[in-house]
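Structures incoming, each one as C-alpha cells.
Heads up, the next two complexes both have chain A, just with different partners, chain B and then chain C.
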Partner chain A sequence: MDARLRRVNKEIADCKNDKTSKVSIELVDNSPYHLVGSFDGPEGTPYEGGHYEVDIIIPESYPFQPVKMKFITKVYHPNVSSQSGAICLDILKDAWSPVLTLKSTLISLQSLLCSPEPNDPQDAEVAKHYMTSRSSFDETARYWAVTYAGAPRKSEQGSKDVDAEVAMAGLEKAHVDRFEALGFERAKVIDVLRRLNYRGANVPKISEDRIVEELLK
Partner chain B sequence: MNTNNATPPPPPPRMKASDLPDISKEPPLRETTSSHNASEQLPGYSITTSDSDLATLPPSQLFELNQAAIDDAAQSPNIPLIGVLTKLEDLREEYIRGNQTFVKQINYLGQKNFLGIRRTRGDGDCFYRSFSFAYIERLLKSSPDVRWFLVEDALAKLSGTKSLLKRAGYEEAVFEDFYEEIELLLKRILNKASTAPPLTQRGLLDAFNDAPVSNSITVYMRYITAAEIKTSPNYAPFLFNPDFGNEMDAIEFCNCFVDPIGVEADQVQITALTTALQVDLDVAYLDGHEHPFPSGIQAQPDMSYVNVHQFENGDGFRPIVLLYRPGHYDVLSEMSADPQEGLF
Partner chain C sequence: MSDDVAKFLDADIPDPTDFPADAPGLRQLDEALRCTMCRELFEAPVTVNCPHGHCFCSMCIRTALATKDECPLCRHAIREVHLRRNTAVEDAVRAWGLARTFVLQVLREKEEAKAATVASKYFSGKPKSKKRRRTPELSSDDEVVEVGERNVSHSLKGHTSSSSSGVVPCPICNKSVPMQNINNHIDQGCPSPKDADLDVLLSPSSKSKGKQKQEWSKLFQGGGAGSATTGSKKGKGKSRGADQDADPLPKIAYDTVTQKRLREILEELDLPTTGDRATMSARHSRWVNMFNANLDASPSQRKSVKQLMLELRRWEEAEEKKKTRAKLDAKDFDSGQYQKDNKTTFARLVEAAKPKAPKKSQSPHEGPPASSLSPSDGDSIAPPRRTEVVTIED
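Up next is the complex of A and B:
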C-alpha cells in the first residue's frame, strides 16, 4: 500500500475511534482522497450550537503537502470567505508540517472560530465589520450560524421581527429603510452599506452624501 | 551550545519587496549590441558571475542574483533531491571567472583532502537532507569490522528519539511512518531487512531520490530537532525569530522554523539535531570572504581560509562534513567520485 493511502486510512480510523474530540471525517464517493470533515461550533462563540462541514482534498504528495480544506457550511468569520468558504490559516499554507493530521487540522479550524485573526483576513469586509463593532459582528455571525449551521434560534430572537437580508449583511434595519425611502432598490442599499461598513462607530463617519454617491454609481 | 567558533554564519539572502528595483530608473544592464566578450570585460557587471562584492551591486543586479538563486532552488524535477558525487574541482570551475575568494577557499578545502561534493536540491530542506544522507552514508562506508557495532548503536539512538518525540507531544501514529523509512535503510546496511536487499551506495542514492522516502527521512530529522528544542532548557536563550529578531518560545519557534517543510536550518537547529543524535558534524563555511589564517596554519597565496563550525557531541567517529554556501548546504567528501556509482 502506498504511503499516502496508509497514512489517510490510519487517520480516518483514528478519527472514528476517538469519541472525545467530536471531530468526524466521512468519505465522499468512496475515495479516501476526498473527504468531508465536521465539527461543532465552539462554545461561548456566535458559532455555538452550529454544525460545520469542511470539504477536504488530500493532495498527491500528502502528507508532504498541506491538505486542502474549505468550509462547505457558510460561516461569517474574518478568516473565511463568506462567498467561497476558502480559509486563511497558516498551517494550510506555508506552516504546514506532515506531523499535522486531518483531525488536528480540523481542531485548528475549530479554534480559528474561537479566535479570529482580523489582521490577516480572508474576507476583508467581514474583517472590517469585526474591527468596527464586535457586538454587531457577533449578531451577524450568530444569524449565519442559525441560518446555515443549524444553531438554535434564541427565544427572544424568534419573536423579533428580523429582516433576513439585513441581518445577513450585519446592518441595521433602520439604516436600510432610510435609504430605501429615498427611492433606491433595497438590495442595492444593502450592498452599498455592507461594502462601506456602515456599522457601529463608523456610522457617524460616513456622510449621507457619500452613500448616495455610491448608490448612484 | 557547543560550537567552538564564535562567528555566526552570514544569514541567507532574503527577498523583500522593498529590494525590488525601480525598473524605469535603472540603466539597462548591458547594451543589447555588446558582444559576449564585451560583457566579460566588465568585471562585476555580469549577473552570472559574482565578480564584485554583493554590497557594491546595484539593486537591479542584486534582484537578478536573488532571482537566479530562487530559480536554482525551484523544485525542478530535473534537479535531483541529492546528486551523485562530483569533483570539487567542478565547483571551482563555476567560480573561476567570479569571486576569487571562493576559488581560493575551494583550493584550501582541496588541500584539506576534500575532493568531492554531493549536491542537494535547494528546496529549504537541504540541510536536513544532506545531513541525513551523510549520516547513513558514513555508517554504510564504515570499516566492516566496526560496522555492525556502529549501525546497532545508531539504531539504538534513533529508537530513543521515538520517546523524545512523544515527550515533546508528537503522536507516534503520525511519526512512525517516517521513522520506519530511516530504520529500514539502517537495517539494510546490516542486511537485516526482510523486505529489501542489502543497502549499496547506489541503493542509498536511489532511496534519497525517491521523494516519499527522502521526505520521510528529512521530516523525521525535523521532528528530532524540534523535540530536542522543546524538551531541553538549553536552547531557550537562542530562540529568536530570524526575520524580526524577537524572542520566541520553543513551541512557537518549532512551529515556524523547524516543523514546516522547506524552512532552512540555522545554528540552533543544527546544534539540536546533532546533540539529539550524538553525532559530530563539521560545517565548512564557503562564504567568499577573506579570513585570517589562524596561527599555526601557513598562509598560502592561492588559498583562503575556510571557517569550520564544529558541532561536537563526542561520537568518537569521523565527523560528517557539510559544505555551506550562503543559504545552501551540500555534502563534502574526501572522495572525488564513487567507484560503485560508475557500475550503474
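Up next is the complex of A and C:
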C-alpha cells in the first residue's frame, strides 16, 4: 500500500474512532480516493439541525495538494455556491498544508457555516443578501436547511402560509405578488427581484420602474 | 464494496489508537514520534528553520518544499538548505519501534488474563486454558510483524505476498531482505542485506548501459558498500556510496537543460533514461529528494543505493498506473475513440476468444473496416467483420 493510501486509511479510521467530533466519512464507488464526508449543521446558526454531506476527492499528489471538496447538500451561504456546491475556503486552495487532515478540514467547513465571509464570496447574490438583510438571510438559510438538509421545521414557520419559491429565493411574498399583479410571470419576477437583491434597505432604493425595466428584458 | 476496498479498510495500520486512551502517555508518545505529514514514525527526521523548530521526515519535507517554501505546521518561511538532521529523535523512534511491540504485547496479555478470569466463572475445564495459552503467542507473532511498519518502503511491503523474489522487512532489524534469504538473515544475526541480493530485483528491467554497469558492479563489490567502482566517469563515484558522508545531489532547473543533457544526467546516476522530458524530470527530481533524504538518516539507518533504486522504480510504476487510471476516469474519455485507437489489439483479443471461423465464409469486401467496432455496441465489443479478420491474417 503506498504512502498516500496509508494516510487516507488512517484518516478514515481516525474519523471513525473519534466519537467526539461528530464528523463521518464514507467511501463512494470502489475507490478509496472518492469519499463523502458529513457533519451536522452547527448549533446557534440557521443551519442547526441540518445534516450536510460533502463530496471529497483525494488528488494524486495528496497530501501535497489540497483535497477537493464540494457540498452535495444544497446550502444557502455566501461562501458556498447555491447552484454547484463549490466552496470558497482558503485551506482548500492556497492556505492548504500537508499536515491538514480530512477531519480537520471538515471541521473547518463546519465552522465556516458558523462564520460566513461575505467579503470573499463564492455566491455573489447570497453574499449581497447577507450584507443587505441579515434577518432575511437567516430565514432563507433556515428554509434551505429545512428543505434540503432535513432540519426540523420550527412550529412558527409551519403556521405561516409560506410560498416555497418565495422563501427559497429569500424574498417577501408581498413584493412578489405586487409585480405579478402587473401581469408578469411569477418565476420571472422572483428571478429579477432576487438578482437585484430587493430586500431590506434596498427596497426603498430600487424604484419600481427599474424593476419593470428588468422584467421587460 | 469490492474486495480490494474492504481489504484496504481492514488493513491493520499501526497508529496511536492501538494504545488504550487511559494508558498514561502511551498515545501521546506514539503521536509525538510520528511525522505530521505522513503519520508514520519518523524516518530520517530533520528539523526546519522555523522559529518553532518543527520536525518532519526528510523525504516528506523535501517533497513539500517542492510545492511551497513554508513550514507545513506554522507556515513560516523555511529553506531546504537549513534542514538539519535530528539524531536524537531518530534514536528515540528506533527504540520506540521495539518498545511499542513489547508494550502492546504486555497490554494484550493483561487483557486476556482479565478476560480469562471472567470467562472461567462461566466455563471450566482444561481445553479452554490450553486455548488461552496459545493465543498470547499467536498475537505476539502478529505484533512482531507489525514492527516492520516503516521498513524500507511501503511499496516494498506489497511484494511480500508475491513471488519469492520479493523483499520483506526483517521484523527484528527493520531492514529489507529478499524473502528467500530472510531465514538466513535472522540466523546470522541480521547483517546488512547484500546489494547483490537486490540486484536480482533491479537488473531485469535495467536499460543496456545501466545494466552493463550493474553487471560489472556485481563482480567487483563485496556487498553493502554501494557502487563505488561503477561510479560515472565524471568522478561521481564517491557520492554514490550511502555509507560514507557523501555529498548530497544538486537540484537542477529542468527548464534550462536540454533533453539530451537530461538524459546524460540520468545516465551518470545509473538511472533509466526512458520516457519523455516530463517523466525524466520527475524521475530525477524524485531521485534527488530520495538520495538526499537518505543522507539525513544516521549511517546505520541508511538504505543502500540499490534499495533506493528499487524504491524509485516502484514509485514510477505507481505513477504510471495513476496516469492511465486518470486517463480512463477522465470525464472526456471517448470510448469510441479509444476503441478505434486500439482497434488491432481489440480485434486480436476477440479473434483469440472466438471459436475458429470456417475459411470459405470469409469474403474480402464487406464494408468499411473502421466501423467494425462502433461505439453503439456499448460496453460489449462486437466481433469484428470479416474484413477485419482478413486484414490481420494478412
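For this structure, a couple of remarks:
Operating definition for what follows: the second predicted complex is superposed on the first by the 217 of 217 C-alpha atoms of A that agree within 3 Å, B and C clash if a C-alpha of one lies under 4 Å from a C-alpha of the other, contacts with A are read in each partner's own complex, and residues count from 1 in each chain.
Methods note: a residue touches a chain if its C-beta (ideal position, glycine included) is under 8 Å from a C-beta of that chain, and two chains touch if they have at least 3 such contacts.
As the structure is a prediction and not an experimental result, all values here were calculated from the model.
In this superposed model built on chain A, chain B and chain C take up the same space, so to speak, and clash. Looking at the shared chain after the overlay, A:Arg142 reaches neither chain B nor chain C. By the touch criterion defined above, A:His77 lies against neither chain B nor chain C after alignment on the C-alpha atoms of chain A.
Shared-chain residue A:Asn17: touches chain C; no touch with chain B.
Of the two partner chains placed around the shared chain by superposition, neither chain B nor chain C is touched by A:His129.
Residue contacts after overlaying the shared chain place A:Val99 against chain B and chain C alike. In the superposition on chain A, no contact is made by A:Arg199 with either chain B or chain C.
Look at A:Arg6: by the touch rule set out above, it reaches both chain B and chain C. Once the two complexes are overlaid on the shared chain, A:Phe64 sits against chain B and chain C alike. Once the two structures are overlaid, the count of chain A residues touched is higher for C than for its counterpart among chain B and chain C. Only one of the stretches 99-107, 153-161 or 243-251 belonging to chain B overlaps chain C in the superposed arrangement, and that stretch is 153-161.
Overlap of the chain B and chain C interfaces on chain A: residues 2-3, 6-7, 10, 14, 64, 97-99. The residues of chain C lying in touch with chain A in their complex are 1-2, 4-5, 8-9, 11, 13, 15, 17, 36-40, 60, 63-64, 66-67, 70, 72-73, 75, 154-155, 157-158, 318, 322, 326. Only residues 2-4, 6-7, 10, 14, 61, 64, 94-99, 101 of chain A touch chain B when the two sit together in their complex. Residues 1-3, 5-7, 9-10, 12-14, 17, 27, 30-32, 60, 63-65, 97-99 of chain A are the ones touching chain C in the complex. Within the complex formed with chain A, the residues of chain B that make contact are 170-171, 173-175, 177-178, 211-212, 215-216, 219, 222-223, 255-256, 259-262.
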